[in-house]
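You will see subunit A twice below: alongside subunit B first, and alongside subunit C after that.
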Partner chain A sequence: MADHRNGNPIVSLKRITKRFGDKTVLAGLDLDVRNGEFLTLLGPSGCGKTTILRLLAGFESPDEGDIFIDGRRVNDLAPNQRHVNIVFQSFALFPHMTALNNVAFGLKMKKTDRAEIRQRVDEALRMVKLDDLADRKPHQLSGGQQQRVALARAVVNRPKVLLLDECLNALDYKLRKEMQIELKQIQRRIGITFIFVTHSQEEALSMSDRVIVMRDGQIEQAGTPRQVYETPANLFVARFVGEINIFDGIVTGRENGSTLFADVEGVGCTLRTPRSFQTGDRIKVLLRPEDLRVTELKNGQAVDGTSIDGKFMGRVLERTYKGMTLDSLILLDCGKKIQASEFFDEEDPSFDYSIGERVAVGWVPSWEEILPDDGKEPL
Partner chain B sequence: MTEKSLFKTATIGLTGAWLGFFVLIPNVMILATSFLQRDEAAFVRLDFTLENYRRILDPVYLQVFGHSAAMALVATMVCLALGYPFAYALARTRPGLRHLLLLLVIIPFWTNSLIRTYAIRSLLATQGVLNKLLLFTGIIDEPLRLLYTGTAVTIGLVYILFPFMVLPLFAVIEKLDTRLLEASADLGAGRFQTFVRVIIPLTMPGIIAGGLLVFLPALGMFYVSDLLGGAKDLLIGNFIKNQFLDARDWPFGAAASVTMTLIMALMLIAYFFSIRKIGKKEIR
Partner chain C sequence: MRRVKTLYVALIYLFLYLPIFVLIASSFNASKYGTRWEGWTLKWYYQIIDSPLLMHAAINTLIIAFLAATLAAVIGTLGAVSLYRWRFAGKKAFEGLLFVIMMSPDIVMAISLLALFIALGIHLGFMSLLLSHITFCLPFVVITVYSRLSGFDSALIEAARDLGAGEWHVFYRIILPLAMPAVLAGWLLSFTLSVDDVIVSFFVTGPSFEILPLRIYSMVRLGVKPEVNALATILFLIPVVFVSFSYFLLKEKKS
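Moving on to the complex of A and B:
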């Protein structure tokens, strides 16, 4: 048994390659999962995230590379010999069994003592708040309840790793929100490693300790939700995780390490970045809608009296009331459309824009993220 | 009346008339006959009696019914044992080949089953194809006695009724959600446990349907036992035929026929109840 306190990973994928026919789904992928963490594999459909789960569960075997679970190579172990359990996207509850028998199935297969089965199943059903519906068949349960049964059925076996395959997709919006919180709480309470697969960046950010952003069988970035959102490693991650505005620029000068001067869409700006650039480098300036600050213009001057130097001029194309925020779509004079999202200001009840109004757009200094322009076309 | 509703009335009327003339009236006549008395001259005499049904309960006849049911049951079990793996393999074959194999299962239907029974006869006869082949290859020294045995009847019943077992089994196995099998394996079940605890319960409607589709016709296929079986290998169908054609006891034959229909009806009712119990498998 590996000792996790020394930081040995509970799951380790080494140079995994998986092909289906002539399509390579994973190409030499390396991934370590720490014991007890809530890890999310995030990516568009077809990026290989579900294949990773199926490899770990044992439903598929890799063409190249090794899979280690708790220090043991499991490439040749059948699914029923691995200490992992999966919650399927479709739940895959046994339709001919009650919720109770669904949950008890795994323990029965392991010939667990009757009294212990009874006790652990009750405990698992209580955990997912379904103890009073134990005798219902799956078709008598709602989608959310089926989801809980599926979760209890997996957790009751006390797996080393719990795999969750897009399992919130079948639920409606409100229930999905509730289950996100509940999943996180359950994970914290039982301390089992969760590997969660989703294409929803919102789910990934709100639940995970660590997010792995994937594309075309490759890992684009691995980091905390905050790192992935605030300091995306590349344009793909920036675009895939959340809304983002991307400006093109050229470096015009530098000052003591972290300060850059740049011509961004025709406007001279001062930027901050830990990355090093040379004068003349092409760059991308990334700004989230909530980083932007929009000021109304009157006769070419900001109505609040602030300077319009280093700001982009434009006009409001669309405004959307979102309750907590006011989202606007702004067409800049340079021809670029951008999204801004601002919180309502309690001090200023008249805070609103009219469509067609001239505005200046700036951002909170140092909230910008600068990436080299790799010349690749946007998605 | 519009043209459409005229068409509707006409087709329903025609079907109704057909069923009335060829199904309802004959069955009512048989039911009525079963309560009448035998007459040497005119076959039946119009006197009400329950004597025919009392006679069926005679141990001699019950034994015939029991033996017939046993033979039909053996045929059903053989069909199930052969048909289940076949249907499973069929359902897991790639679509192109699957349709070809299904076609091969159905092709024998194109020939009348009586003619196919004669074909089996020539295969199993003492001087038949099978014996000649076995003698020629030296596996046996003298011809096996296959024809006119219970085994031959079973072979005949299995051969003719096999597709009726395979088709309903194929239908349920094809719909079996493979993720349930993955879930079972994921939860620690081996192949055998998955088969017993997941696959069999979920395909039970097909097993029961196939079982009934083989068992019930097998009770009545008198020509199979006539052509292939010995004197003892009577099916209920033979018994009924004998009462009508040989013993000339129409009321008793009718009572036997009604009894067989009742047994079938009871089994079908049991089937529908079991389907209602098992069949609720929609997840969402």
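Moving on to the complex of A and C:
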């Protein structure tokens, strides 16, 4: 026990395979979770992320492989014998009990003595700021309050790992934002390992210490939110996490180690990448909308006087005012549609495009990500 | 248009309740044959109270109905919970058979029960009657409770398990309280079915244990007697009181 302090994982999945009927949901999956981290399993529906949670909670058992929680193999342990708790997508509050009794349920089941139950339940309800609504039944609480009761009900048991199954989905946008911050704060305060399942990249990026991007029962990438967003391991991750523009290109030459020349959608560009490519390799150039810089054109020249070499020419199809940014949809001359997102410049009140206007699109040098074109079209 | 609607509704109610009103009126009619109005009387009601045969049959009916409803509610609830909770061989067939029992004509059940009791050598009377009533009430309880359970988020049970509850606590703390309204509904349904039953009871009880519906049945074979009107009126008023009582009870709870 307690050997996770020496860096051993609190949760360890070893070569887990799970099938439902003839459908393989997880195929030999390995995953280690560090003690105290906020880990997010991110992926489209059906990628197996919820199955991992259910395996950890004990509602399913693996067909192959072993599950370790805090160094102990738990494959054959019933859900009520595991030191993990889950917050359900539907919250699953007991409708016939008050918030207080919902939260006290786990401790009562463990035959904790009364005074301690009282004290720990009060503490948990205070933590989620519901101490004055303790006597309400779930149906008398708002969605956000129900969510908090569900959280308190799980946390009060001081689990080794807290599992959260898409539990912000039922909330509206503003509340979801607030709960994201609150969840993160609570996790930091109590120091319990959180494993959070979601298909929302925004939730994953804003809360996690580490994100596991999954597809079809496989881990596509594991890394910090920043790594996953800025240096996606492959096209699937690039497309799933955030908006992205993908250009096709062919390597035409190399300078030194990290710089190469390429023909990208008919435009000669200089690219920087830590990966190594050979002349003639097909590549994908990935650019986030906010990496792009758009310049208006007049008579084939940039209005701000910058060079248009190595830039894409196109025409504005649509512009969307987003408050903080101006998003434009641009149709390039090569036929590709791209998204650009630019912050407003307060110095330039006329900053705006008209639909149909000719523009040149470049990007901030070295912000591009280059991946080999494996010929597969993801998604 | 509105008047047409009102008239239409009035006709429906007339169609439903006219026979009952005729019955209630005749129970207060002094005329022995009920062919014409001869003034108010409570005579027939006094005659019921004075008749030991009728009172005895009424008490027997209540005993059987209470026991049958209670036992059917207990067994039926356990059945519904196991249907909801576990997958087992023959589950589909079991579910189907419940409907078969519910839909099959009373006479089939009556004859088969009778045949069974004779084969087993069970004396026809209280025991055989009680067993039969439990049998035909059971599917109604199972289906009422099962459909309520099916309406619940299955995550509730997983949540209870996750929080450390074993099978017993899941049943006692979660499933039972949630199913309670359906259990009570099933009990009431069974109670009325049992009070009401003529056909099955006619076959499976003996002279040692007479119940009200059979007593009434034997009384009207020689023509409707005014006491029967009075008795039927009382039987009609009991559910009316029950229904209004539960209505006010529920209303009070909501506000």
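We adopt the following convention: the second predicted complex is superposed on the first by the 377 of 379 C-alpha atoms of A that agree within 3 Å, B and C clash if a C-alpha of one lies under 4 Å from a C-alpha of the other, contacts with A are read in each partner's own complex, and residues count from 1 in each chain.
By our rule, contacts are C-beta pairs under 8 Å (C-beta built on N, C-alpha and C of every residue); 3 or more make two chains touch, one makes a residue touch a chain.
Since the structure is predicted, the reported quantities are computational estimates derived from the model, not experimental observations.
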| item | value |
| --- | --- |
| Subunit A as common anchor, with subunit B and subunit C clashing or fitting | clash |
| First, second, both or neither for A:302, with subunit B first and subunit C second | neither |
| Contacts of A:86 with subunit B and subunit C, given as first, second, both or neither | both |
| Partner chain in contact with A:170 - subunit B first, subunit C second, else both or neither | first |
| Comparison of subunit B and subunit C by subunit A residues contacted | B |
| Partner chain(s) touched by A:143 [first = subunit B, second = subunit C, both, neither] | first |
| Intersection of subunit A interface sets (partners subunit B, subunit C) | 57-59, 78-80, 84-86, 88, 90, 92-96, 105-106, 109-110, 153-154, 157 |
| Of all residues in subunit C, those that touch subunit A in their complex | 153, 155-156, 158-166, 169, 173-174, 177-178 |
| Complex interface listing, subunit B residues touching subunit A | 177, 179-180, 182-190, 193, 197-198, 201-202, 278, 280-284 |
| Complex interface listing, subunit A residues touching subunit C | 57-59, 78-80, 84-86, 88-90, 92-96, 105-106, 109-110, 153-154, 157 |
| Of subunit A, residues touching subunit B in the complex | 57-59, 78-80, 84-86, 88, 90-96, 105-106, 109-110, 137-139, 143, 146, 153-154, 157, 170 |
